[in-house]
C-alpha cells in the first residue's frame, strides 16, 4: 500500500537553463576592486575632513592658549614698606569700620607704597596703579602692620609686566633684567583677572564684570526663550490645525532663525530702548533681544524632537483615557526633551557669542563696576573682548586672548551641563 | 467553485475524491461480479472476487490517512471540511459495501449443490438495482449533486420492497422444497446483503448532501416493513 | 440573525459609516458587542475592520480627515453625542494595539498611570493593590512581581503585550478592544494571550480584530466578516466556520479569495 503524500507542487519548469554568474572573470574582479577602492576613498575623505576641522580647532586653541595664558600671570616686585615710618593718620577704630578703605586712601597710603618702591629700586612708576590696594587689604586684615615694616609682593606696572613677558621697550627690558638679577621679581598667578572688573590699566583689568553681565543676560534669555519656544513648539505640533495660517507661521519661524543678528539689535534699540524706555545696556534688554533671536532655534529643534516621538506612544496614552494635555506633558515632552535640550544648547551657545545686537543696544560702554542687577549697565564677554582688542596699549593683547580663553571655558561648561542634563533625561524606548 | 489560492490544496482534494471513485468502482464491480458468479456457479471467479476485496480495504486505509493529513496540514474550513469528513465516512461505508459483496461471493460455493434453485435468477435484478444505487451515490459525490443524492435515497424504498418480495418468494420456495433449505437460507443472506448495500448507498447519499449543504436530508417516511417484522419475529 | 443573548448588548452600532476625505472606509455597518462574549472581526486587508474597531472608542477622532456617522451606543448612551466625555469613554472602552506599546516608564508606572490620572485609587496602598490585581489578571504578576521598577520596554514581546493588557484593565473598563494583538508575537506568546482572552471574557466584553482565521475560530463566540467596508456576514463562530451563508464569506475562509 502506498502511503499517500499530500500534493507537492512541482517546481515550475523553466525553458532556459540557468547559467550561474561567473564571479571570477577579470571584468568582475576589476569591478569589485573599483568598488572597494571607492569605499576606501570615501573613508579617507571623511577622515581628512574630520582631521581638517580638528586641525583648525587645535590651531585656534593653541594660538589662544599661547597668547592668552600669560594673561593669567602677573609679575610682582618685592617691596619693603615701612608703615611705621609712614605714620599714617588712621586710627584702629577707623580700620574696623567699613569706611576703612576711604580712611586709608585719605591717609595717602598709595603715595607711601609707590614711594617706597621708587626709593628702593631707584626708578619711578614701577608699580601698577592697583598695587597699593593689596597693601590696604593686608592692613585691613591685620592692623598691627601699621606699626611695622612689612614686605609685600606687589604687581608691577604694565610696561614692566610686558617687558618681563618679553614684549617690552628696551628701557623697560633693561630695568627688568636688573631687577631680576636682584631676585626681587617673581611670576605669579593673576587670579584678580577673574574677579576684577574692567579698567583702563591693563594690569588691573578683570573679566568678572563682563562674565557677570554675560551670565545675567543669558539667564534672561533662557528664562524667556525656553518656555516660549517649547510651548510654541508643542502647540504647533500637537494642537494647531494644518491650514494656510500654520504653514505661514512655520515658514516665518524658519526664516526668523536665519535673520542676521544685527537686525535683532536694531529691533531692540527701537522697541525696547525707544518705545518701552528700558535702561540702556542693561542685561534685561540684552536678554530680551537675544531671546528673540534664540527662540526660533528652540522652536525648530523642539518641533523636530516632538515629531520624532512615535505615534504609538500617543495612541497608547489616549486609549487609556489621558486628555490631550496629559498626553503632551506626561508622554510626549519627556521623550522629546533630549532633542529640545540639544536645540537649546545650540541656541544658547550662539547667544553667548553674539556681539552685534548687544553693541546696538548699548552694551559697548566702558563699565568699571560689575552689574548689580538686571537693570544696571553691564557688558558681555564678547563685547569686552572686542573693546579690549581695540585698545592701543599693548598690555591689552594678552588680556584679550585670556578673555577669549575664559569665554571658551564658559562655553564648554555650558555645553557640558546641557549634555549632562540631556543624558539624564534621555529615556530609551 | 473557484480554486484555492494554495493550489496544492486543490490537488489534495482531487486526490481524495479520486481514491473514493476508485474504491466505488471496485465495489460496484464486486457486486455485479459476485452475482454473476452466483448465477453461473462460477467457484473460481467467486474466489477471485473474495481476494479482490483486499484492494478495497487498502484504498480505504489510504483515504483515512490522506484525510487526516489534509485536516492537520491544510486546516480546511466550511465546505472543504465537510467534504473531507464526508470522504472519510464514505470510505468506511464503501469498504463495508465491498465486504458485503465479498460475503455474497463467499456463499457461492455454499449455494451450489445438486438441486437447482430457480429463485437464483431473481437476484441479479436486485443486485443491479443495488449496484445502481451505489453508482448513483458516488456519482452524486463526484458531481456534488444533491438532487442525485436525494434520488438515491428515494430508490432505497424500491429496493426495500424488492427485498420484501424476494423474501416471500424464497420462504415459499423453502417450504415447498425442504431439501433446499440450506441453500435457500444462504440465498436469503445474499438478498439481505443486497438490501444492506442499498442502505449503505443511502448513507453515502446523505453524507453527500451534508457535505454540499451543511444540513441533513429531511427524514423520509419509512414504508411498511411487513417482511422485516415477520423475520424478526 | 443569531439567537439573542440573555442580557442586552453592551455596545450597539447601527448604520455606521466612516469616510476619510471622500474615500469611504466603512459603509453602513450594524453590529452588537455583547456582554461576556468575544466577537472577532475578520476580513482581508483594507476591509475596514480596524477602522470600525477604532470608532468604538472614538480613536478616529485623532485623524483630522475622518468623518463618522451613524449611531454607536455604550449602555444605551450615544458615544458621539456632545455630552459624552471622550476621556471617560476611553477609560470605559479600553484598547490594545497591534504592536505592544508600553510607556517608557517602569512596569509599575505603566499600570498605575491610568488609575492615577482618573483618580481611581485613593492612596498608595490602593494603587499598589490595583497594580497587583491588574497584573495578576493579565497573567503577568508572577513574572514581574520582583522587578516592578524595571522599564516596561525591557520585557519580551509577549510580556509587553500582556503589560499593555494589564494597563488597559487597570482603569476597570467595561469593553476591551483588541486590534490584532498577537500578530507581532510568537506562537507561545500568542497562545498565552488567547488563554488570557478566554479568562477575561467573563468580566469584559471583548472585540478582537484578527487576520488569523484560526485564531478567530479559537477565541471568539461571534464572528463578523468584513469586506470592502461592508459587513458581509455576522453570526455564531461555529456557524460561520462550518457553514457560512454568504458566498464571499465562504470564499474567504476556505482560502479561495483573490
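For reference, chains read A, B and C in written order, and residue numbers begin at 1 within each chain.
What we mean here is this: a residue touches a chain if its C-beta (ideal position, glycine included) is under 8 Å from a C-beta of that chain, and two chains touch if they have at least 3 such contacts.
All of these numbers come straight from a predicted model, not from anything done at the bench.
> Counting C-beta pairs in contact, which chain pair ranks first?
Result of the pairwise contact count: A-C comes out on top.
> Going by CA means, which chain is nearest the middle of everything shown?
C
> In whole angstrom, how far does the Cα centroid of subunit A sit from the Cα centroid of subunit B?
The computed centroid separation for subunit A versus subunit B comes out at 102 Å.
> Would you kindly tell me how far, in whole Å, the mean C-alpha position of subunit C lies from that of subunit A?
Going by mean C-alpha positions, subunit A sits 55 Å from subunit C.
> For subunit B and subunit C, what's the span in angstrom between their mean Cα positions?
53
> Could you list which residues of subunit A touch at least two other chains?
Counting only residues that touch two or more other chains, subunit A contributes none.
> For subunit B, give me the residues that contact two or more of the other chains.
none
> Which of the residues in subunit C end up touching subunit A in this complex?
For this pair, the touching residues of subunit C are 57, 59, 62, 64, 87-91, 94-95, 97, 99, 101-105, 113-114, 117-118, 151, 153, 164, 167-168, 171.
> Spell out the residues on subunit C that touch subunit B in their complex, using ranges where they run on.
Against subunit B, the touching part of subunit C is residues 213-214, 217, 241-244, 250-251, 253-258.
> Spell out the residues on subunit B that touch subunit C in their complex, using ranges where they run on.
Residues 1-6, 9, 75-82, 214-215.
> List the residues on subunit A that touch subunit C in their complex, please.
Subunit A residues touching subunit C: 241-242, 310, 312-323, 326, 330-331, 334-335, 427-429.
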